[in-house]
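Have a look at this one before I ask anything.
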Amino acid sequence: MSEGLDTAGRPDWTADEMMTVAAARQLRDGRSCFVGIGLPSTAANLARATHAPNLMLIYESGCLGAKPDRLPLSIGDGILADTADSVVSVPEVFNYWLQPGRIDVGFLGAAQLDRLGNLNTTVIGGSYDDPKVRLPGAGGAPEIAASCREVIVVVRQTPRTFVERVDFVTSVGYGRGPGDRERLGLRGGGPRLVITDLGVLEPDPDSLELTLTRLHPGATVERARASTGWPLVIADDLGTEPAPTEAELTALRALTATLDGAA
Amino acid sequence: MSEGLDTAGRPDWTADEMMTVAAARQLRDGRSCFVGIGLPSTAANLARATHAPNLMLIYESGCLGAKPDRLPLSIGDGILADTADSVVSVPEVFNYWLQPGRIDVGFLGAAQLDRLGNLNTTVIGGSYDDPKVRLPGAGGAPEIAASCREVIVVVRQTPRTFVERVDFVTSVGYGRGPGDRERLGLRGGGPRLVITDLGVLEPDPDSLELTLTRLHPGATVERARASTGWPLVIADDLGTEPAPTEAELTALRALTATLDGAA
Amino acid sequence: MAKLVSLSEAIAELVHDGDVVALEGFTHLIPFAAGHEIIRQRRRDLTLVRMTPDVIYDQLIGMGCANRLVFSWGGNPGVGSLHRFRDAVQNSWPGRLELEEHSHAGMANRYVAGASGLPFAVLRGYTGTDLPRHTPNIRTISCPFTGELLTAVPALRPDVTVVHAQRADRAGNVQLWGITGVQKEAVLAARRSLVTVEEVVERLEPVPGQVILPAWVVSAVAEVPGGAHPSYAQGYSVRDNGFYLGWDEISRDRDTFRQWMETHVLEAVESE
Amino acid sequence: MAKLVSLSEAIAELVHDGDVVALEGFTHLIPFAAGHEIIRQRRRDLTLVRMTPDVIYDQLIGMGCANRLVFSWGGNPGVGSLHRFRDAVQNSWPGRLELEEHSHAGMANRYVAGASGLPFAVLRGYTGTDLPRHTPNIRTISCPFTGELLTAVPALRPDVTVVHAQRADRAGNVQLWGITGVQKEAVLAARRSLVTVEEVVERLEPVPGQVILPAWVVSAVAEVPGGAHPSYAQGYSVRDNGFYLGWDEISRDRDTFRQWMETHVLEAVESE
């Protein structure tokens, strides 16, 4: 029995926990990370609590170098200002810090993602003026996706989420394909990784199409294919993401426990 | 014997003191005033010490609402930051405070001034590339002259200073004449008053040419004409600026005394 | 110079039907009490401007105060969707709501341009997204030196901006700290401004990270302790996260929403 | 991440002949000691950038370190002219000094554009003055929404910016307060940056009005107590106004100037 499986062989961690741990592992110590609320914030703070104590967290509320000891409930949570190296205005965080490309990693979620890593958080179905579902909108995402040195997308994998073409391009991944980011003058590198509850996708070096490169323990190629709205390409050297370690799970659960208390 | 004359009939105040007092009188209480160092700063602080305790002093170093109890020696004097309502960055003082036209009065000096109130603080004589005298340059003056609701110029009157046409337009007064400020899109009102050691000049309502409207006690039209590099027009209703009061002189000398101590 | 007035007087004098109104506060210092007073005074046809329309705008929209929304992110932070906002966009209930949609960077720079007395702002933004196809006031501009193409957005000049702050002195000078968001720019960009504060004090003791709004750029100050609830005022209160979670249920159904607003806003006295 | 190094190491590593170098500090926190080290290390052909070139630039220019000056006001604040600056412009002594002349508003916005990763900035400035006729990088730009004509200036991107601050911690995070001028923008606009500080401390206690420069945007920090003299560091020293007045006499004559620099700068040990 591999580590992380209980006596009945079922993992003693959830798919969301696996996704969060896999995302946290991608954040190297000492880097700067532009963090949205929700799963990205959990993953970033898990990284700080484990292998990356000097990870620089930047929240769009203007908190630079925030070091919360619990999970913030919103990007404007008081603990972010209390623990930040510096709190700047919202115009400043976008103009002086994000726009020039100073931030290493941008962490984004999405309601829809397509095979070229474009993201939709605006509208689903119908038309823009008469949508089936109205989503919150862009927020900081378009410029995070444009300017961070690299982008990591964290999103659960379902056929409704992973679509051939997003209904609305809120944030640009690789646009329509190779050369598009350069043509558009986007200076950041674009989505380097998409981390889901099933595994990890990476852009194909040539086509830039998102390709399954790793599976989480227990996940299968079949499920990944069934959860993807386009013919999912599987990497020849498909790997497996290591299961969460005890240390990672303990740290993650200690963090998420702070949330339940708060609400 | 009028007040302010000694037993021999000589004024017991200097021409510079008269000029400073006349300038201070023009600053109404509760207004905001963009202040340069030197005589304008002395006059503005004299106004605060006498009739305008709530005059809002704004220094280009970013000090908003400074309330120095002595004369600052530079626009970056520590006492300005210590006593200010708020200290902002230099970009902010120009972009958020001066540029939108929030400041009532801009106080300027000059090395040269012409009959239409244009100011030169850049070069005198020769050419720009090979000048006879190289002056400090523009500083904040061009935008103060452009954006303040009105401008007051304080300058000693000599034929070398009061010229037909300035050698270099550092700051625009009325440009080449009526309609020019509007044509240039300058939103402030331009120079409302020029206060010298001899008297007060104001733009003619029609031609906008600077015209002598008041003489200081003891000054004469002849001297004013002789001290002006263009055929000086005298207002029909030429008035006299009241001599400094005891209160004004006491306050002014108390302020300037702080300077001697400092150096 | 800012006048010290009651909240109801301030809204009556400063906010009119049809105005362009910005209530700002980036999750911190959200002027909820002022928004509720706007609802009580039954303002109509407002263009509501806000980077992050959240629960307070959900309430204003659901109560029919607005026919237009200028924004960059409309959600219940940390919870999910705004049901009244969605109902208005998807079903025009209680009326049609026209949208003008931007990104945070675009909105922040539009306030900066307004505060700076400039007609537009330049940024690296929106490029390659579908936003410019639906928001006509996003244009391209080329650098006069390099020829590089960038994005231009027009200045925001609200008729009135409303913010909440920790303190003001009796002269009407305002002091806020913690996450100060875009409030300074929003106030300086507006023709009129109202600041509700936790307390009016004799003297504003300096605080690290403070932003000062001088009395001479503020129209009115109203003392409204707790005026940011369920948002918070650093140093005075903590965010009522339970309320935000509970709002999801309250706002889901039109009648439940109406009843809640009746009881907690319309029938509430001004100083909540 | 900022390295803690000695001033001489920092200048040797960060400032090279021919560099575009900005020493900023708006009468407060002027990095005099760093300027003196640049003189001691005999840098040449520098393009010196500074809103208010004053005594430190008079010294750099008089010692022949620069062949170009980008500025908006060159004088001895509260005293009068800079004689070495004038001698260089009027008589090309000790060498020709090319000028690129702007207004304060223009220079401040050029730093803002540099800090923002934009190629240019837009302002209401220069209009109707003779400056655009002699400074080619002042251009007009029209608003894509209103057609209004405004002024554009290109971003400033110094090879290295040098500033002085009150404190840094051991990680290299920098804290300054009082009149903070354009230092944050100048550091963020530069490719490399050096901050000299009054002291290195274990922890940066928050101070009202503070500006923080995170270690990850600073190349090097050098502890140089009194490194701003004859300028000052709020909370540590007061401005030596007598020195500024005295400089007028010292700098008037070429030989007197040279002798003074020999004795007080060239022969001085690094920690002055």
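When the chains are written out, they are named A, B, C and D in that same order, and each has its own residue count from 1.
We take it that a residue touches a chain if its C-beta (ideal position, glycine included) is under 8 Å from a C-beta of that chain, and two chains touch if they have at least 3 such contacts.
Fair warning: this is a prediction, and the values are worked out from it, not measured in the lab.
*Asks:* Expressed in steps between touching chains, what is the minimal separation of subunit B and subunit C?
*Replies:* Contact-graph shortest path, subunit B to subunit C, evaluates to 1.
*Asks:* Among the chains, which has its CA centre at the largest distance from subunit B's?
*Replies:* Relative to subunit B, the chain with the farthest C-alpha centre is A.
*Asks:* Please tell me the distance, in whole Å, between the geometric centres of subunit A and subunit C computed from their C-alpha atoms.
*Replies:* 28
*Asks:* Taking each chain's centre as the mean of its CA atoms, how far is subunit A from subunit B in angstrom?
*Replies:* 59
*Asks:* How many angstrom lie between the centres of subunit C and subunit D, each centre taken as the mean Cα position?
*Replies:* About 39 Å separates the centre of subunit C from that of subunit D.
*Asks:* Return the residues of subunit D touching two or more other chains; collapse runs of consecutive numbers into ranges.
*Replies:* Within subunit D, residues 117-118, 123-124, 148, 184-185, 209 contact more than one other chain.
*Asks:* Of all residues in subunit A, which are in touch with two or more distinct other chains?
*Replies:* Touching at least two other chains: 95, 99, 147.
*Asks:* Which pairs of chains touch each other?
*Replies:* Listed by label, chains in contact pair as A-C, A-D, B-C, B-D, C-D.
*Asks:* Touching residues of subunit C toward subunit A in the complex: what are they?
*Replies:* Touch residues, subunit C against subunit A: 26-28, 51-52, 71-75, 77-78, 81-82, 85-86, 89-90, 101-105, 108-109, 111-112, 123-131, 134, 148-149, 178-182, 184-185, 209, 211, 232, 234, 238-239, 241-242, 244-245.
*Asks:* What part of subunit D is in contact with subunit C in the complex they form?
*Replies:* Listed in rising order, the residues are 117-124, 137, 139-141, 143-146, 148, 150, 152, 154, 206-210.
*Asks:* If you look only at subunit A, which of its residues touch subunit D in the complex?
*Replies:* Within the complex, subunit A touches subunit D at residues 30, 32, 56, 64-65, 85-86, 95-96, 99-102, 147.
*Asks:* In the complex, go through subunit D and note every residue touching subunit A.
*Replies:* Within the complex, subunit D contacts subunit A at residues 1, 115-118, 173, 184-185, 188, 212, 214, 216-217.
*Asks:* State the interface residues of subunit A toward subunit C in the complex, per the touch definition above.
*Replies:* So the residues of subunit A in touch with subunit C come to 37-38, 60-63, 73-78, 80-81, 87, 89-91, 94-95, 98-99, 122, 128-143, 146-147, 168-172, 175, 180-181, 184-187, 262-263.
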